[in-house]
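Next up: the structures, one after another.
Shared between the two complexes below is chain A, which has chain B as its partner in the first and chain C in the second.
Coming up: the complex of A and B.
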């Protein structure tokens, strides 16, 4: 295992809970993963509708940073993950676009490194058996809907993460904690993503459907792996409730926080106090704190 | 829906343009409507995703470029993933936006303000400075008080970084300039 961590801009600012709980897991599991020192923004979804070449050149800069320290890349944010992979894909094609990227960067970038999502590394490389050995507390009795969102599973040929309609990786991790990963149909339904700022009402419409479907299927909490899904479901949950005159009160965890809980890590270290929908009443109720 | 096909439209040319820009062949579509059925934004669109593809097949460039739909697409890729014919509908939407932009057609939704604000944040700092992005969006879009109420909440939860990080920013700026120059010359 020779990975360098690319947190991305969201984890550094609006999603410190994801960042901190990831770091807590890395430390606890004694994984040899350090942050890429000079990473830059992947361009997110703001660049590609305007300038495709730039949208591929920006993430290539980070591939270059990882090459410099001779490490593969570990990512948490699905959007960063997608953009890094798309850039890698474009660099591998060795066509006109590849030449364009090299020209714009003024250097050649070797695309042969691996880019993995942290959940993939946990399941496929660290191994479920070893994770289970580390578990000290079962989250038995907690019903969790794992919500993947769009970007991590689509486009399938670029992401190659899991089944785009019914992914299982996060469900496997949730099950490992002892909690129940419920079966539900909206695992990869879009939350409205980047419309959060520009067209908030669209996001409220879409997330309302997601929360409602989770609750209807018996979920007591939702587990996510995307900082933007988290903002849309957690930070905006009050606004969704107000718009639709309803109450959900569904805590939205990052999957890393649930794993950390089952490893007996300090809730403060997992930044559970930074969630907008407080998870503490539920956790106390279930005897998990 | 009644559609009048303009006799002057050059079916082949538009299809070929799209093939170049979106790297997909709209002619393969047989109108099953699966893309429309799964589209989370279809409820706000004036023409559905499968109709957009049909109009592209018919070479009705003006119709699609002036639609609201191409600006409402959120690139979730549900359509392209489910298409039984392998048509990249999302790619077509993205490509149509770029064509609309190059032909100076005004976007039908507030997408540019956020994109511009976002891009200038990356350009300035190398990483995104989120308070700046929101402030920039509010200024550009004229919605001055948008999401201002969230600011104290984010502060309390320490979910906002008040000071921007400068990382490789001069290199990033050069990349921006070169890419913009090259894109213009294509």
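Coming up: the complex of A and C.
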């Protein structure tokens, strides 16, 4: 399990809880994963509406850095995942755009390495059986809605992540922890993404639907794999409650944090104290702390 | 001694503008063996043809070269003329100095020289041509129709009306196909069963039509006019002749099974007829669910049958038939709700397919025509129809349009509103394709007079929100998002090719595309013929189409069959491969490369009947004259008549050696 870890800008800045819990898991599971030296921002939401070539060239730089250490790439952030894959796709097409990328970077980038999401690696490579062996505390009794967000599943041809209509990878990991992964229809509904900054009401309205549907289907907590979804569901939850005059009290976990809990890792190491909607009352209630 | 006549055509100015036809004919006249070389304005005209015919007689011509257009245009014309003048038609060749010369060049001097070269090549070939004879093949005057839906039924009736016996083969227990499942049909709102069952009865009673149901094609051998067919009759476990259709058995049967005919919305028994108007009206036993077969219990049907028609020990039987022509009318299948994640992967009971909706509104359906929500039996007040589900979707499903959905959705809105007068019918659409006779007027009736509300936009999701089934879509004309709380959602799912079609097509040796739709010989000019002689195609087996088109094609295919079988012998052109047996070593190269399976090994025996050796043997009935075998032979023992090595080398030498 030899991978080059690409945290991306979000995990290093606004979502250190994701980064820390990921690193905690890597250490605990003794996976041979090192951070890509000298990685670059993938361009996220800002670049691709403005300049297509730049949006492909920028992540290609990171592909090149990974090539240097000859390791396949592991990502957590769906936007980083999407941009790396789009760049790889563009490089493989070998058309004018590919030439443009090579010209901008002043070098040819080999696109043949693999890019995978950490959840894919855990389920398909590390294996559910081996993960279950490591479990020391069952999160039984905890009802969790797996929320994937919309970026990681589309476009289908480029991302090839699970079933785009009803993904299961995170649900499988939640089930492994002993918690109940509830069935609900909004797994990939858009939360409003970057509108969180520019048009916050849009996010409040869209994310409200997600919180509402999760609660309606019996969720006590939500598990996410996207830093931006996390901000919208966690940071903005109070504003949503105020706007809609309701209470949700839904802690928003990164799936790595839930996995770490079931492996008996220290809640501080999993950065559980960095969540805006505190998970501690719920976890204490369920006897999981 | 060769006596070749050469006729160079002006073709008006088509040739003469670029090629000096007079000079060409004068130059050709000097070639040894050419006794006549002349030019004419329009050789294909009646006087032009007369010129050729007269010349053949007057000059005792042994061969003719017509230098004019492509042989694809007029080779049959001129060969027929030659035959009428008493010259074997294969002694006439065409030199294409139009499509391959005057139409693609502009320098007169060069084009003229090229035309002269082309004509000289054909003169040298014709000197070596042999007077070939057309191949005559005997014909079995019987037809097989595969598929017992409306298309197969129509084809069978039309063929039988021409006095030709027909076998109608159907793999379900009854004929009728999908049309027997429909409620009312567009654009007339005729009751589907009411217009179909008379044809079904006619087929059943027709002395020349033999219906074989619950059976499939096992294998096919032979060639046009002479097919040998093996049919596998599945074990019915009911003797059709002894059974009277009284129904006692299925009334007493304790086992209920989800009914395929009711599209999963109703039940049938383990011994059953699929629907009341089934033909034959005799049950079959479903071995997968009958208690006798699964756990050796029950057996009530056998006990109560008044005519002792139930036989648990029936075995599948293979029968052999000889037919001269085959019509493939195998119809279609429909995608299921479980194919679509955005609409719930089949878990929402109130999200149904269009065919399920037909059963729900049909008076003979699972709720006897009382429209009820499958989940709670309540009457639906708001029904949302979603079109293009799986069709026009190259990204995820099928790229093609399923053709009938725009029409049947308009129809279904009306069927719904006729039952629920204050109901809301919404239709989400991309386009409205209503291009048949009275079709546009029918759709307008639905939207302008019968209350159907059309929303232009796609549906992104259908989901359960508490008690409600919510349809989320877009209205592109008002640029807004739409959310509808629906009692029932009807998906117009894509038509696709049926299960097992590729295997069947391979057994028949006919082509199919990547979707499993059968390929016609030419999409515009040969729409009901496959590329295999003697096998014809009709209906949705080719691609999605409606009942009028399917029935028309059935009649078209039947006409082709009747044309084929109207003669006592089939005549095929003589351009076939032949084997020089003395030098053939039976290496089987030609056998392997022949795309039509026309070559096999033949035994050469001595007078006592002992095998001496084997040689390749060409079946002239299957040979299409493609010539692939000729270069494959290491001993030059197989040659294509009409394009022999000798003739072709003569052409090449004529051009290359000046």
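Criterion: the second predicted complex is superposed on the first by the 289 of 289 C-alpha atoms of A that agree within 3 Å, B and C clash if a C-alpha of one lies under 4 Å from a C-alpha of the other, contacts with A are read in each partner's own complex, and residues count from 1 in each chain.
By definition in this document, a contact is a pair of C-beta atoms (placed from the backbone, for glycine too) under 8 Å apart; a residue touches a chain by one contact, two chains touch by 3 or more.
All of these numbers come straight from a predicted model, not from anything done at the bench.
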Checklist entry - Following superposition onto chain A, is the placement of chain B relative to chain C best described as a clash or a fit? => result clash
Checklist entry - Counting only touches as set out at the top, which of chain B and chain C does A:27 meet: first, second, both, neither? => result neither
Checklist entry - Given the touch rule stated above, what does A:213 touch, chain B (first), chain C (second), both, or neither? => result second
Item to check | Partner chain in contact with A:105 - chain B first, chain C second, else both or neither | outcome: first
Checklist entry - Given the touch rule stated above, what does A:163 touch, chain B (first), chain C (second), both, or neither? => result second
Checklist entry - Which holds for A:186: it touches chain B only (first), chain C only (second), both, or neither? => result second
Next on the checklist: Looking only at chain A, is it chain B or chain C that touches more of its residues?
Outcome noted: B
Checklist entry - Touch check for A:266: first (chain B), second (chain C), both, or neither? => result neither
Checklist entry - Clash with chain B: which of chain C's stretches 257-265, 455-463 or 581-589? => result 455-463
Checklist entry - Do chain B and chain C touch any of the same residues on chain A, and if so, which? => result 156, 164-165, 189
Item to check | For the chain A and chain B complex, residues of the former touching the latter | outcome: 9-10, 12-17, 38-41, 43-54, 57-58, 61, 100, 103-106, 150, 154-156, 164-165, 188-190, 192-195, 197-200, 202, 205-206, 235, 274, 276
Checklist entry - Can you name the residues of chain A that touch chain C in the complex? => result 156-157, 163-166, 185-186, 189, 213, 216
Checklist outcome for this item: Given the complex, residues on chain C that touch chain A span 340-342, 344-345, 395-396, 461, 463-466
Item to check | chain B to chain A touching residues, read off their complex | outcome: 40-41, 43-44, 74-78, 80-81, 90, 94, 97-98, 101, 109-111, 113-115, 118-119, 122, 126-130, 133-134, 137, 141, 146-147, 150, 153-154, 157-161, 165, 167-168, 171-172, 174-176, 178-180, 182-183
